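Which chain is which? They are A, B, C and D, in the order written, and residues in each are numbered from 1.
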Amino acid sequence: MIDPQLLRILVALVGILVFVALNALALVYAERKIAGHVQRRPGPYEVGPHGILQPLVDGLKLMGKQLTTPKDADPVIFWLAPVMCFMPVALCMLPIPFGPNLVALKLDLGIVLILAFAGFGVLSLCLAGWGSNNKWSLLGAARSVAQNVAYEIPLLLSVLSVAFMTGSLDLATISAGQGALPWQWNALVNPLGFIIYFICALAETNRAPFDLPEAESELTAGFHTEYSGMGFGLFFMAEYANMVVVCSVATVLFLGGWNGPFAPGWWWFLLKMYALIFLIIQIRWTYPRVRFDQLLNLCWRWLVPLALVNLVYVTIIVKL
Amino acid sequence: MYRLEEIKRAARGMWSLVVGLNITGKYFLQPNVTIHYPRQEVDNLATFRGHIELIPEDDDPLTPRCISCGTCARACPSNCITVTKKKAPAPTPEEVEQGIKPKAPKDPETFRLDFTLCSLCGQCVMSCPADAIRFSQNINIAGYSRQDFYFDLIARLRSRLPKHVKKAE
Amino acid sequence: MSGHFLETLPCLCSAVQDPGRTGLTFAALIAPEQIRSAAQLCRAAGYHLEDVTVCEVQEGTLAIYHFDRFGRPGRISCMALSTDNSFDSIADIFPGSDWHERECFDFFGTTFAGHPNLIPLLLPPDAQTPPLRKQDGGKVPLTTIFPWAQAPATPEEA
Amino acid sequence: MFTKEQIAERGFYTQHFEQGKQDNTLILNMGPQHPSTHGVLRVMLEIDGEYILRADPVLGYIHRMHEKMAEAKTYAQFITNMGRVDYLHALAWNWAFVGAVEKLGETPPTPRAEYLRVITCELNRISSHLLWWGAYLLDLGAFTPILYAFDDREELLDILQDMTGSRLTYASFTFGGVVADMSDALKERITRFIARLRDRLPMYKSLVTDNFILLGRVEDIGHIPVDMAVRYGATGPVLRGSGVAYDVRRAEPYSVYPGLDFVVPTSERTDALGRYLVRMQELEQSLNIVEQAVAQIPAGDIQAKMPKKPKVPAGEVYFAVEGARGKIGCYLQSDGGGSPYRLKLRAPSFSNLSLFAELSQGTLLADAVSILGSLDLVIPEIDR
């Protein structure tokens, strides 16, 4: 006799994996299409109508490529890294409530689980850089560790401010606590928290303008310089999957989750999430990259103090 | 005071980021400028300088204007042109009787271009005394081997003719 | 333009040039051992080094230094003739000449005494012969190219 | 020159690296295949963390020995090579060589040809600066500007194709003239292009120049004091970014430039931003020059009467022009024969890059990339 709870988690896990994988494919396509149109060119166009099959074909190409391990690299660490990069993403999706009842795993401490597993990503980047036996990769790994560790603090503080407001760490409760109309959402009640969260989310997912660990023009490809075929493919997918996670969390925490005018439901959730993803993509194709010291200055000199101030502001609101 | 200045600066900086997003957003909604190559082509081929080709005589589309003097071959910085003159035909019996040596025709026996070496500088076109060379407008040029780019320009001149002329020949 | 500051050096011969014809305002042929003092004079007068080049004439190897300045432009050419294909380096006076001298070493095999790092710049380190060296028959006399320059007395003749 | 044993023994074969690395530092080869060395420049870096302790450019990966080719080819044949020394501002190199030969042979071009040269050369400068702008931002991590620049550059290249016959490696100057004339329709098109780019420049400014992140990346890095520029012989926007208004078009006037009204933009900042701003202003100045030249161009022949083979008397000549990267010099020695006796090409990027070793000491790796980009290097020009 299988525990129905376990069965539910297993089914949900498969569903989430499919959702994440499909999302990654769709987002690769969306990224290239948006980049194209921002730059006044069509983007992928030849494979399928308007190039819609391009990410699929790219995926096939990556799978067909030879996997090479650099000389003197540590093969275990080297190949563990991309797998570890992708795995926690699926776990992070478990407690996210897409709709009032559409949640894989109801947890009282859902947000803690997500934050715990989000910290996992940096480990895989670090291992990839270390295991590659490549100087550029090593620099990328060093950058990613410093960046991710630094940005986790303001991220936590801004999430904490929401938890203070709602008085709960359960994502479903936080969602439900926000009203249907935009000015009832945490993003407008607590705008500073939302901005800080968004900036930190960009940094945590290594998206431009904070894509320092892979900074193409400085470190060739940073931590994944040496990866070929699906090794690179997994890093690439994980980047988009991570985007889905941080945008989902942002939607739940700040944008009212599934709440929306007229007919609340999961479509509102997806709409908000994809709008955020669109913004992240557009930012990537608009700004130059920041320098490393500026990145850390921004974190320690601006975001951390601001997040603390915000926490005080939120407690006052809650008290009143 | 210093803090205040810094905060002002940061606020202005944030605004510049919004301006940037606004610009890329606007371009996102504008139509593309790409020309989809195999389906569309650019329209400024009149001044395109492709590989050289021979110009035929005005009244005879099969004979090149070329007088096989070899100036182009000497002017070429990369030595990619070879021109050989036609030999005089064997004298007919009447000519032998009259003691006339038949003249060699002016047009060249062979006119070859090694396009693998050519850098399209146009020295040959500029130096030609008979105005017999011009740039082609052939932009779709691709091949599987080096040999595909050793052009016999006389054969090319003939193959360019319309179909009915070829048949008549 | 008498009293050019380079004439304080013992020039073998010098000439005021017409910039409209040669692009130079002043040209001087100096003894090889005077190159460093000439460079120092130019440095003090605010000139920058445009390029260093070498050419071969029948009398030997000619190193040509072009100086110009930003404030009041006027290119001066400073030449020295050497029979053993070696000169003094001015890389410590004008660091920019470091690469120019290495380039001359590449192309002509010219050595510059006192250069901190005289190794090939543009050619691979195992390149065989300096490519710009001319055959003896291909060289022309100094005065063909520089009509103002008297055939200088070689040290032996002096 | 060196045997294999000597090379193996020396190991690091540059002056900054002959003693090898110290403890706790990393020797890093940036290039010859690196996204931001624009071609095949190799820079050896010794870094401590991300700070650069020593840097030394290693050249020669695209060396083609143009100077030897000059001695082997006739004067006319060598013009083709000049389109390939600096592929971004090829017409300035054309002009330097053709001008040197004309000066020595005293065969000036026709007045109309002078104007056509100014127009094409300045349009070429604009296309070079546009490409630099895009590529520099690519170095700094912004992908979109280069495609906006290419959008404008495409129109420019179409015009230049009509005026010169090529889109990149121009070789359209002849001794005493140019190869192609400018029709009235083309004149109209150039005027339209000037208006178009003037419309677009404010967008460039608000998208990029005013951008907070970009300013953070270019301000206060790579300071080149004037004395350093003098010691290394830096010219062009690199020098003008340090506040020296030195421009060959004004310092050693050639062609019809004295009659054209333009200013030499400078910046007192001396850092990468100064060089950036100078180039952006040069775009506007070049547009002004083209506008005036198109309005003033006289009618007449585009080719002076010349013998088929130019007769170049024995002697020496130095002819300098202002390229997009600085002073392009052509030092020509002739023995009166059919090909140059000795031709020295002075590449501005060569001198501009030689100060990089000193300039990049103590900077961050990311700044070194930015500084390298702000010098606007074209590697084929350095290696020749």
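The rule is simple: contacts are C-beta pairs under 8 Å (C-beta built on N, C-alpha and C of every residue); 3 or more make two chains touch, one makes a residue touch a chain.
Given the structure is predicted, the values throughout are model-derived calculations rather than measurements.
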Each chain counted as touching subunit A and subunit D at once: B
Remotest chain, subunit A as reference, centres from CA atoms: C
Distance from subunit D to subunit B - Cα centre to Cα centre, in angstrom: 28
Distance between the centres, which are taken as Cα means, of subunit C and subunit A, whole angstrom: 63
Inter-centroid spacing, subunit B versus subunit A (mean Cα positions, whole Å): 52
Distance from subunit C to subunit B - Cα centre to Cα centre, in angstrom: 44
Subunit B: positions in contact with at least two other chains: 17, 20, 23-24, 27, 33
Junction residues of subunit D - those touching two or more other chains: 144, 148, 151, 207-208, 211, 213
Which pairs of chains touch, using the document's own definition: A-B, A-D, B-D, C-D
Touch list for subunit B against partner subunit A, complex: 10, 17, 20-21, 23-25, 27-28, 30-34, 36
Of subunit A, residues touching subunit D in the complex: 35, 38-41, 135-136, 139, 142, 208-209, 211, 215-218, 220, 284-294
Subunit D to subunit B touching residues, read off their complex: 73, 76-81, 83-84, 144, 148, 151, 154, 158, 161-162, 165-166, 169, 171, 174, 179-180, 203, 206-208, 210-213, 215, 308
Of all residues in subunit D, those that touch subunit C in their complex: 1-4, 6-7, 10, 13-15, 18, 59-60, 63, 65, 67-68, 71, 100, 103-104, 106, 229-234, 239, 244, 246, 251-252, 314-320, 327, 329, 331, 333-336, 341-342, 344, 346, 350-351, 354-355, 358, 383-384
In the complex with subunit D, residue positions of subunit B that touch it: 12-14, 16-17, 19-20, 23-24, 27, 33, 44, 47-49, 75-77, 119-123, 126-127, 135
